[in-house]
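Below, each structure is written out as structure tokens.
Two complexes come next, and they have one chain in common, chain A, joined by chain B in the first and chain C in the second.
Moving on to the complex of A and B:
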């Protein structure tokens, strides 16, 4: 076949093992699951953002000839299932019993012979609502007299969820008092967005009343965590629950939470005795499942006149919607937002985050990022540009001046993170080189003289990914360690079982490459099993760029256990001491007699054969590992965006985008680059287009792809990538994780570029999404200089 | 009603309600799951099939309207055990990640190359602009179609 290159043994540009099925249309997604006698469910949703339910009449729907059952909140209440716990120790209504609290909330579930009939029957359900005042703007959520959204919670008399802080206010205040320059920004929102994977969320539940076994095919990024939560919530015995995540059509954090529709499908199958499929439509996906961001941030920065940044303070108001369903480790209600100190060596830092309820959909998921890291990176990278403007220093120069230096790693930040490694100046310089930064600035000056508005935006981000150490991190009480099991069959072919679940990242390829690298066998000899809780070891799943940092490490460790065992087998076979054996890729050999040795394949056969094994060595060549990461990993990157702005229309055209990522060791550079491309497109989309908006009655204005714009091929440039490689010192293969970096780093680069283009108009900030209307408005109003 | 459509060269007949969309007819009545559904509003293009050689969003066409027309789906790209160069190109250039948009993207690419065997990158960009990919950032999709244009004869020979 043309174009194929020689297959590498371990790491390298290996074509994906997943692709042959996908290019033939033979992927197997949840909606492709068809079981004998399967019924179809549909959810009735609230048209109002806040209302008391006075009655629900399902009689007409139940008389529909194709309807098998209608379930309401009252039915669930009788089973103790009307409410379920969220990933943030709150509760969420499965089907509303007392009130609806956001537009699109689940009210009833119809089960019918086919999906068309199920949706027809939704229209036959008569619900009486008594409308209540709504809370849409989080700034008013804590006002005296604001309607109390969560009156279901005992003693709840306001819409407050949490207050959280990190760093030292006292130290921060001290630095601000004696700094040459202090800058206070206006409020910088990170708007509500939605991950909008192309495949919506759904499930097929199949409960067998005779065996008591529940099989659940589900669009989940975290099948094991879901299994345990179903056991805890529904009281089903955990060994009788099998969660299967088949091929997943993109996740981006949207498929981490448990949604009411999944629970309804399970209840539906128990009630009808038949398998029940539920697939949401696009509007349901955009209006009811996990949104992201929705942070209102106000930053303050203190610096010396010569540009040494000394302190950062940020105060955040976080809109969590009607139920606190944010997905993040329990200890951190604002996720890892305290990485807002970015890539800079500071004297002091402090942040506060206040979470409130509003009458909007629940969520707060980590949309293609580690928890709240995107919000943090956007804030600090806007602040640094604002400071550069204030001090009249080139924004790149200002960053260079303040970077944590290579020799300072491991570096402890003022908010408590321990950055593992990095060479920020080298990464930045590589981006400048690819961009031709000085030439771009010359071109910009020439264009400005001609009245053309070109902007150059820079961002430099540090992410904290790979959650995380069990002593600090759990979700719903489950520690964030992941398992891996490796079996080498007698002929030397291996099966690896992992806890994480690809949604397009290519785990079947990458993880086979890790085993191949460690054992010196071809990656095509390694089958990767994942996404089925009956077939794989426990672990917390794929999000927050944790698969390679955690599960990839587990895979390397389990491979090394196999290698160590093979050494003992080789020593028995070769009749030498294990200490006399030396490893080369794929083979143990006798020191000083390299001809005499045993390959992994030979060891595998010997382990299953008649060889007498050394005392204490069990037969077979299998191993298990559970990896509890000692620290998180800290990928970084330098991004430069070049835009041209049409002052007549406000249109922003991204001409170039340069992304230099340092994610440590790259297992499969082709896949890494693909991940970076995808994150860049989503980041550009967030900066320019994506916004889940509401009117003052809480009606969602972004409930379809007609209204919620995501980038097409016409809005994205031809990405220009580069790399530096600074291995993580604590990860067994030095990898840091990369799936989300570019989505974290790109929004500030785009906004900084637009603001740079508009500098002649005195514009200092434009809120995302930077739509033509907003740009045009900024041009007309001239300065939007933040208050001092 | 009974609906008969020629799918990938074979006449296929099934009972379906008159309101059945082509995408559902292919998936649920004929059991051909390679065509995906993604949005309801004709924006995402996960459901694109070729009708008489032209890309059509099958969520926006009634199955009954396809009677008497030739429908080609992803299952019909590979012929006689030979991958279409477009399929090969998507593998070579990492033009897919989750695979959900891929069938629609490949069919649009096939239609483009049938009418324009050597398109520029801009022409490829425009051809796929009515379809959404959330994973790849489009760059490698464009490279995949270019690969197919450059290697078409080699693969099909």
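Moving on to the complex of A and C:
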């Protein structure tokens, strides 16, 4: 499988161009940036979750011999920078002025000669807090008399953020009234988790007072969007701002927002006249930067007795923390949650989402699916299993019965999505084949008879990725279209400039392969430039599995422009009409005279040489493209998880995990598989061990890797992958996104497997993370059947 | 980067020098061995010693595992890795390797030491339970000389030991006894995690009956706990499921676990019973086979 003996000239298995530098430790991350005279910043954070600041005394810190400046919210206020806009039309404090609203919130910024001194000086700052009652549980956030967290907002008298709905309540009610079977779930939480990229967030800001130029090296997945926002917020002229994202050590959505630390580094550089570096530590990353999920969901399902699912309804309470800092298109405050109808053909669907403030860190952007598809997939796949149990139908059979059929695509869902393509039954069947599903069920029956608890869990997800059409989607007013520029140098070597930014996804390889496929030149002849706003065209960046669906399409389009131009050049060189030329990989040749032709390399030289070009054709071989996707792409997958549960200790061992992904055409299958592996490991972590937990005072209990657990190779099985390929009909190369799929699809497969294993104990549901303690408790109490 | 508060640093070139430095620098001085407990606490500024005395140069003096005079003697600077690899320990006490395989991860085991583990006195620490079950004693040295303290008396509370400010632990002595078997059981949330609960068990047969027993648990009490009631329940009886169940229940009764992120107290109490029972079964099998 992993054989790479034959080097692909376009799509195919190819080792990543990035690998040599990462494997040799030669990557260049933000923390590797060192500039002459650079100072170091550190953030003082609130120890309390909710408190009024009565005074801040920085005098002792100022006197520290190595301290150059101490900045507080008051200082920023004077320049109108104490608050900044979030990516969801809210505001967030850069440094607190009036109150602190979550534990870990930024209160002051110290700039010193080195990081040690900066951190020492934090302890010299004296802040007086007057503690206020806290809102930790989102269920109480809207109670009368709940403390108002956002009293900074004019006239705000509660903790309500938004109410949002999709689908038709009326149609849903109607179906529920005459359905044979209706089932209401208990409240099913998708717990607060954190993507915990191994590289924490940070920035180096270098403001040149003479030229007025600001250079910012930053851990950002979206350098262009950041640049524009800095321009809008700080009033800095946009052409004088250069945002550079060097190598990024994992993002997963955590590096989409602008964090107060970045703004402080910029202000620090302006104030001191020196470059300022700020790098957060692990605790800061886990406790103050973008978390993910934190949805409390209640589902209802209506079906016929024979297992035809007719309608779904979900009501969600969403905990957004102290500031609404998700990154959702303006129209969709709950992201793409309205894909909760999953892969099923329904008569009706309806969902409501209520967003509230609590005294917790802001976020909701992150963890390999920013747009709430993970929450949606988890709920629907749990519900289908609950229904299967209720109807005593095999969960796979129930899914098969309800899948949207191949011939129904493009399929418009009851909540308005237009799924582009899929063959769900084929994808499911491939997973069953790899798993040996019937054999597994036999083995399970034998084991049960012996008192051994083995579980088989299935999930089938449909993802919606590649945001998105400009007419529907924006982030902070910026349309979600991305540009690409391609220059072919005289010798036929090319430089591709793209707006998106790899954080480990292998863009430098995949995008070179797209050009290679389109132009028939070797991928190693294509240099991919990204992550530097002065060097690349505008675009919204890499998240939401959008790079291939959007920028990949832009890259194919720009390559085709080059190909078309090469045709004109070839026609001039060969003295034939362009219509008489035919394309074969890498070369235009004369129809009927295949010996006579011109390669892309020859065309490139000719374009830069002395050849007289046809009327209207400019020299050189360069092109630009901007791609506004006509629709999102809809990858899907069938996952099967096999677990063994030790009922004496509650320990869960994942024995097998089968993942069949359909992400359309695979550009580099090896990279796709790597993405799937990583997402599956994350999904296992989420399902079994991860939770950003708080005590009743809003103290975060998960501020280190001792408490916030990341699975190791010991906790995950050898993944068994498979594929089906249903090209996206509207994407120029038929590709769909894949980066997030496995994180979306795996948690329900794991939980379904554990619940299946515990069926003899009467267990119908176990909340994530499914820790040994929770498994044991479920066995003791057997969770109650959901009320009818 | 998490950075510690400022501190001074000295390297000891002998045990005597380390003790002299401790005496001279007073209670704000701390020894550093593997550093895997102390340095993380310093980086989080939970510990802010003014002086660090590095005892890593004392490898030749303090890193050893020796079998002599009916004892296995383990030097305080012996690394987890060495304990894990030791054939002597594995032969006499299978519990040791079983526990070590479940302690932390290779990078931590490469540096972390027996002395550091015992002196840190974390309530979830594993080797204390192992040594307590085996009836080991500790050797503590100060400028006035050496004293021997049993494992039960070594721990004075969570993170508190019998080692004085100007003293250090130099050795652990484990008695070698015939017809024994031992085992360790631990539940953790993932590889490298500390115990949610753990139980260490050793049994010695006197003919067909249990002649002596050691049962010690970790992570289920403010300090490590040895359940003498559970041990007594086994002595004088042949090893049997019934006896194990009785002893395991007593061990669980003796626990006082706290509810935390690893689980509720009743779960941990259940684990104390379940793990003790499992460990007893395996220890007895080994004793019968010896």
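By our rule, the second predicted complex is superposed on the first by the 781 of 788 C-alpha atoms of A that agree within 3 Å, B and C clash if a C-alpha of one lies under 4 Å from a C-alpha of the other, contacts with A are read in each partner's own complex, and residues count from 1 in each chain.
In this section, contacts are C-beta pairs under 8 Å (C-beta built on N, C-alpha and C of every residue); 3 or more make two chains touch, one makes a residue touch a chain.
The structure presented is a predicted model; accordingly, all values stated were derived computationally and were not measured.
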Contacts of A:116 with chain B and chain C, given as first, second, both or neither: both
First, second, both or neither for A:90, with chain B first and chain C second: neither
Chain B versus chain C as contact partner of A:430, first or second or both or neither: neither
Chain C versus chain B, contacts on chain A by residue: B
Which superposed partner A:701 touches (first chain B, second chain C, both, neither): second
Partner chain in contact with A:649 - chain B first, chain C second, else both or neither: second
Partner chain in contact with A:281 - chain B first, chain C second, else both or neither: both
Partner chain(s) touched by A:252 [first = chain B, second = chain C, both, neither]: first
First (chain B), second (chain C), both or neither touched by A:16: first
Which of chain B and chain C A:719 touches, first, second, both or neither: first
Shared contact residues on chain A - chain B and chain C: 116, 281-283, 704, 706, 712, 714
Complex contact set, residues of chain C against chain A: 1-3, 5-6, 44-45, 105, 187, 189-194, 196, 261-264, 267, 270-271, 274-275, 278
Chain B-touching residues of chain A, taken from the complex the two chains share: 1-4, 15-16, 18-29, 31-32, 34, 114, 116, 196-200, 247-250, 252, 281-283, 503-506, 670-671, 673-682, 704-706, 710, 712-714, 716, 718-719
Interface residues, chain A side, partner chain C - complex: 115-116, 119-120, 123, 279, 281-283, 648-651, 689, 691, 693, 701-702, 704, 706-707, 709, 711-712, 714-715, 771-773, 776-777
Footprint of chain A on chain B - complex, ascending: 17, 19-20, 27-28, 31-41, 43-44, 46, 73-75, 77-78, 83, 87-88, 90-92, 94, 96-103, 106, 121, 125-126, 128-142, 147, 151, 154-155
